[in-house]
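Just so it is clear, A, B and C label the chains in written order, and each chain counts residues from 1 on its own.
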């Protein structure tokens, strides 16, 4: 009976352990990119109380180049979704650098996604889902956030999108 | 003298009671719309401490259709004002669902309003006033908020505007 | 020996005293503008706990007129930088009015800068640096903030840019 109980407990405990955000990233085959040196004029993140305010970041590829172009002309919604997923990885790298351990994330609070758009492109939510979905994959329920997605006619360096967020930590 | 005092006290107390946000809405002849089912990728509101962060919402009409179009071309400023007022009702419905009782709102802290605009439309504040004014009508002094109003060249589904906010609650 | 110690201590203390934000502004030859009367529909700042949420403001000149126009067409990046610096002065005036003493600022937490841009202008960060750099000059390390800079096709009154921020205070 003792052994059965142990097996049952392990059966409950192991999946929970496997769900550390870092383990989840590894399971998805994802590697966090290096965090680029911050500009002299601002920083990547500021903590106030148990809230982190993260600077806006774009879809920086592993080679350092950004995904550029406008949705509705240069990029499809599916390409935008992938770029948003890439941007989430960039912000996860910022969080990892700040916290050391992604398990310290208590809740993704708010995400604002700005999509480089032609005047007639209206699928910004489908693009930013690439960002939101990865956060939920990595953090589970703690990854569910409030969100605003909107279009803009121009972004720094011609980036396809830019995303900022507020995160609650332990 | 006792009765006079009672009358005076009631005279002070009754208007205060009548000013519950729900009573104020009824007095204005306004009905909160149903809250549309949230997307799988994000939620309508996240609470952290005594702050609520609300997702961006648009001018959803009682029939479920959005007011669409661009200010400066398809809609007048007055029509934009009405659409902003409609958006405030949507967010009030989100607050009501979250809190049960709108009296739990201690302060509307911050409102960000994004207006679907032609390149030459510059009356975004007059449009977003439709949102702000309704909050002040419903919450009184507690409804006075900090605000940013700006234009954008494209919004999800072609909505005329989108508004998000931060609210302090008890 | 006592006198030497006193001189050393003064040598340490005087620069620290000289670094009050107000002294720093004077040293830079900058004067805070009067704060324009707030609109009826919103307020310049709302405090919640030890956070201040400031409304979006634009580059209001000492004569009351705004710097207007679009980056990429009507204004150079250098002119945009100066307009952003002017906007920082406007927000510092709001902070001064709210706090009485700028030394009560514990940290500039988050800055969002929206730049009136043509579709092809991509130097929004260089423009908003005018805002960020002044905050760092005035507040030192406490002025280093998280930030988002992006373009927009239209702003209220045709302003060249609009900036809002979140500030932690004592």
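The criterion applied here is as follows: a residue touches a chain if its C-beta (ideal position, glycine included) is under 8 Å from a C-beta of that chain, and two chains touch if they have at least 3 such contacts.
Treat the numbers as computed from the prediction; the structure is a model and nothing was measured.
Novice: Which angle of rotation, from 0 to 180°, maps the CA atoms of chain A onto the equivalent atoms of chain C, to the nearest 5?
Specialist: So the copies are related by a turn of 120 degrees.
Novice: Quick one: compare the interface residues of chain A with those of chain B and tell me same or different, with half as the dividing line.
Specialist: Different: fewer than half of the residue numbers at the chain A-chain B interface appear in both copies.
Novice: Averaging only over C-alpha atoms, locate the centres of chain A and chain B and give their separation in whole Å.
Specialist: Roughly 29 Å separates the two chain centres.
Novice: Among the residues of chain B, which ones contact at least 2 other chains?
Specialist: In chain B, residues 49, 112, 152-153 touch at least two other chains, as defined above.
Novice: Please give the residue numbers of chain B that touch chain A in the complex, ascending.
Specialist: These residues of chain B touch chain A: 39, 41-46, 48-49, 53-56, 112, 114, 152-158, 162, 164.
Novice: Contact residues on chain A for chain B in the complex?
Specialist: 49-51, 72, 107-112, 117-125, 128-129, 132-133, 136, 144-153, 166, 168
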